[in-house]
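In the two assemblies presented below, subunit A is common to both, partnered first by subunit B and then by subunit C.
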Partner chain A sequence: MSLLAVERLTRSFGGVRAVQDLSFVIPAGGMHSIIGPNGAGKTTLFNLVTGVLRPTRGSIRFKGEEIAGLPPERLAARGISRTFQNLQIFFNMSVLDNVLVGSHLALDRNVLRALLRLPRLRHSERRVRRDAEALLERVGLAEWRDAPADSLPYGALKRLEIARAMAGRPELLLLDEPAAGCNERETQEIEQLLRGLVEDGVTIVLVEHDMRLVMNVSDHIIVLDHGQMLAEGDAETVRNDPAVVEAYLGQAGRTAGHAP
Partner chain B sequence: MAEFLQFLFSGLTVGAIYALIALGFSLIYNASHLINFAQGEFVMIGGMATVFLAAAGIELPLAALLAVLLAVAVAIAIERLGIAPAKGASVVGLIIVTIGASILIRGLAGIVWDRNFHSLPAISGEEPLVVMGATLLPQSLWIFGVTGLTALLLWFFFAKTLWGKAMMAAAYNPLAAQLVGIDTRRVVLVSFALAGALGALAGVLITPLAPTHFQVGVMLGLKGFAAAIVGGLGSGLGAIVGGLVIGIAEAMAAGYLASAYKDAVAFVIILLFLVLWPSGLFGLRGIERV
Partner chain C sequence: MRRLLGSQHGGLAVLVLVVVLMPFAFPNNFYFDVAINVGIAAIVCIGLNLLIGYAGQISLGHAGFFGIGAYASAILTTTHGWPPLLALLAGIAISGSLAFVVARPILALKGHYLAMATLGLGIIISIVLSQEVELTGGPDGMPVDPLTLFGFEISGPWTWYWLVGGTLILVTWLALNLVDSPIGRALQAVHGSEIAARVCGVDTTAYKVLVFVLSAVIASLAGSLFAHFSGWLTPDEADFLRSIQFVTMVVLGGMASTFGAIVGAALLTALPQFLTVFQNYEHVMLGLVMVLTMIFMPRGLVPTLALRLRGERR
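Here is the complex of A and B:
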């Protein structure tokens, strides 16, 4: 069954169509990548799917239900989570608190009820805290638990953002350039992390410029150019698609093709 | 010494009231980066509504509770009718909305209630305690107790509960907060409701010591704002310390100089802080200028 189905999706900014008439399907499970040159509409697409932007036209279905135009917090509650190209960390909080805020959804969200049933709240907060600590362990930030978020190095912040996104227990996780600005080793750590998440059944959609990472991990790649789909398929298919290679992968695509 | 102690007691009492008002400023500032200039009106509503409900024959504690609820309802109305529909407006624009709301509320209070001064009986009588030659009214002890307890509850809420953390997250980065499922509009609404309750509580507590009037909110609101600036907008501890600093400075000026200078003191302090130390004693760096 398709987890996410985008149909004839269009978003214009003034006269510019950042995404035009785009249709694709993301099945449940696996790692899906969206690639394309700068300005191809990748981030706009993420913003549309996560409710940051409203589509000009078209439909977005998540688990069969229309979600186009819903606000971000409602989409998060339905199981869509994301990270950002430029970090959106709560720098005024500790590392653990960042993840705890991400678990907000797992708790009773009615303030009054939450205040009036303190014992139950404490119980669920303990559970949420255990889960948050497990997530930090998983992304390799356990030792930074109580550090202020603004004291972390860049690569660690990238993983913190993934942990926070995972804390909401999403079914669909959209990652906007998780490896951008990371060195070789950090990129490998992120690759391991993503593989683990997919094994756990999370469906990941990845926007990434690091072609080696994309080609290594993706089950399914969608190539965008000027807001439209240029090609689609597994890594092999996309890599050998002449339109893709010519249009923009260029040297990077061929190099990646020779990589193990 | 007795004289100094006397001024100190009166400064701490009024300072604790300013602290409650300043906490309201900080709550709303934290949730929305707004300065709510209708904060003083919540204080006025707390005092005036209690007076008129009590006059209508309602038991005093119930009247006070209803007055607090009325202020909460008014705060919610300001947010729903004035702030929420203007989403996308600049912070300055929204601040002007709150100034408009305060003028409207004051005008309505003058019409619906009256334009006279009113007082309330003190909670535990008027028999003063004598401490080292200075007198301390039992009402002051109530004010210290309620302000202290309120500050503790707020600290617990923000430091220990996920809801509190969610509110802080929404204040720091609304977009990221929305994307982890926090309804940021509700966070702003909750902050207004809490600020309304805090202001009204201050109004109920101060009325036995300083008579209330439909325009009393203007000065109390400005003093609370001065306290929030001194302590650092957005800081809970800062609101408390700022309130006490303003209250004590006022009481000392009134006692040792002349009571005519009392109100001037708060404004001299606020100007000094805005010019020399805009982030306040406990504020975060990088307060934006509006």
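Here is the complex of A and C:
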């Protein structure tokens, strides 16, 4: 069954169509990548699927239900989360508190109980706190737990964003360039992390410029160009598609093809 | 010392200790007077700090809500003979409803626009209070009946001191609880990144409205106490300068620090009282304090000192 079905999706900014009549299906499970040259509409597509932008036309269905135009907080409740290309960390909070905000919807949000610090609220928080600590452990940030988020190095912040997104227990996780600006070792750490998440049953949609990472981890790749789909398939198919090689991969694609 | 100030319960214990012990060192009634005014301003600032320090919004009009509470208490008790507690609750209801109605359109604005809109709101309230002469006595002000609670009249410096001190401790405790809850974290998330907060499922608009209403209600409560305590009320208490005073207290004491708000309120209320030399220059001093704080310790007094202490420990 398809988890996410996008149909004839269009988004214009003035006269420019960033996404144009785009249709595709993301089945449940696995790692799906969206690639394409700069300005192909990848981030716009992410913003449309996560409710940050409203589509000009078209439909987005999640688990069979129409979600086009719903705000991000409603989509979070339905099981869609994401990270951002330019970090959107809560720099005014601790590392653990960042992850706890990710669990917002799982926590008791009654104002009166919060003001009076009633035991019921503390109770619901204890369990979520343990989960958050386990997530930090998993992304390798356990030792930074109580540090202010603004004291972390860049690569760690990338992983913190993933931990925060995971804290909401999403079914669909969209990652916008999780390896951007990371060195080789950090990229490998992120690759391991993503593989683990897929094993846990999370469906991941990845936008990434690091072709080696994309080709290594993706079960399914969608190539965009000028807001339209250029090609689709597994790494092998996409890599050998002449239109893709022409439009985008070029040298990089052939190099990746020769990689062991 | 650091652990005492760092942990919330430790901080609260220090506050209780200070409030309880301080009056025994007061040489005369003037000190009680200052301390009670400090307490009232601190209550407003704790609420305002939730809005400014934690949620990252701004209000240059909170003296308006202080004024609504004060005048609701004054008019309903003195003119209409209501019991003071009921009048105080009515003031809270009026302030809360007004804040709720204006919050959505106002808090959709950001930065300078939000500052201007809240400034306008404060000015409108203050103009209404000074123009409705029939109701408020106009710029000359009006007398306010003494406060009676459950049949007891609150009078004399000691009784007033315990009432305001107790309220301050209660409001501090509530604010600390709120900050250290999912709601408090959601408010800070709104400050940190609104879009990321929404992606985490935080309904940012709802939380901005909530914190605006909460801070208005707290200001209104403090206004009611002030009206009864001073016994005479003028629209000056609700004007623009008063709003700026509150904001300066929050910024000086420390953004996103409940105890900072109290320290800021204490300094800016008490210092002009004891440094009467500067009486004519109070507004200049206010501006100077604001500028110097922004330049030398943008985090404010308490967070800056806490960081220093922590640094020395390492």
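Here is the rule we use: the second predicted complex is superposed on the first by the 251 of 260 C-alpha atoms of A that agree within 3 Å, B and C clash if a C-alpha of one lies under 4 Å from a C-alpha of the other, contacts with A are read in each partner's own complex, and residues count from 1 in each chain.
Criterion: a residue touches a chain if its C-beta (ideal position, glycine included) is under 8 Å from a C-beta of that chain, and two chains touch if they have at least 3 such contacts.
Nothing here was measured: the structure is a model prediction, and the numbers come from that model.
When both complexes are superposed on subunit A, subunit B and subunit C clash. In the superposition on chain A, A:A134 contacts neither subunit B nor subunit C. Contacts of A:V16 after superposition on the shared chain: neither subunit B nor subunit C is touched. In the superposition on chain A, A:A243 makes contact with neither subunit B nor subunit C.
Of the two partner chains, subunit B and subunit C are each touched by A:G102.
Taken together, the two complexes place residues 50-52, 71-73, 76-77, 81-82, 84, 88-93, 97, 100-102, 104-105, 107, 109, 111, 114-115, 121, 125, 164-165, 167-168 of subunit A in contact with subunit B and also with subunit C.
The touching residues of subunit A, when paired with subunit B in their complex, are 50-52, 71-73, 76-77, 81-82, 84, 88-93, 97, 100-105, 107, 109, 111, 114-115, 121, 125, 128, 164-165, 167-168.
On the subunit A side of its complex with subunit C, the touching residues are 50-52, 71-73, 76-77, 81-82, 84, 88-93, 97, 100-102, 104-105, 107-109, 111, 114-117, 121, 125, 164-165, 167-168. Partner subunit A is touched in their complex by these residues of subunit C: 56, 174, 177-178, 180-186, 188-189, 191-193, 195-204, 210, 256.
Interface of subunit B with subunit A (complex): residues 161-163, 165-166, 168-169, 172-173, 175-184, 190, 284.
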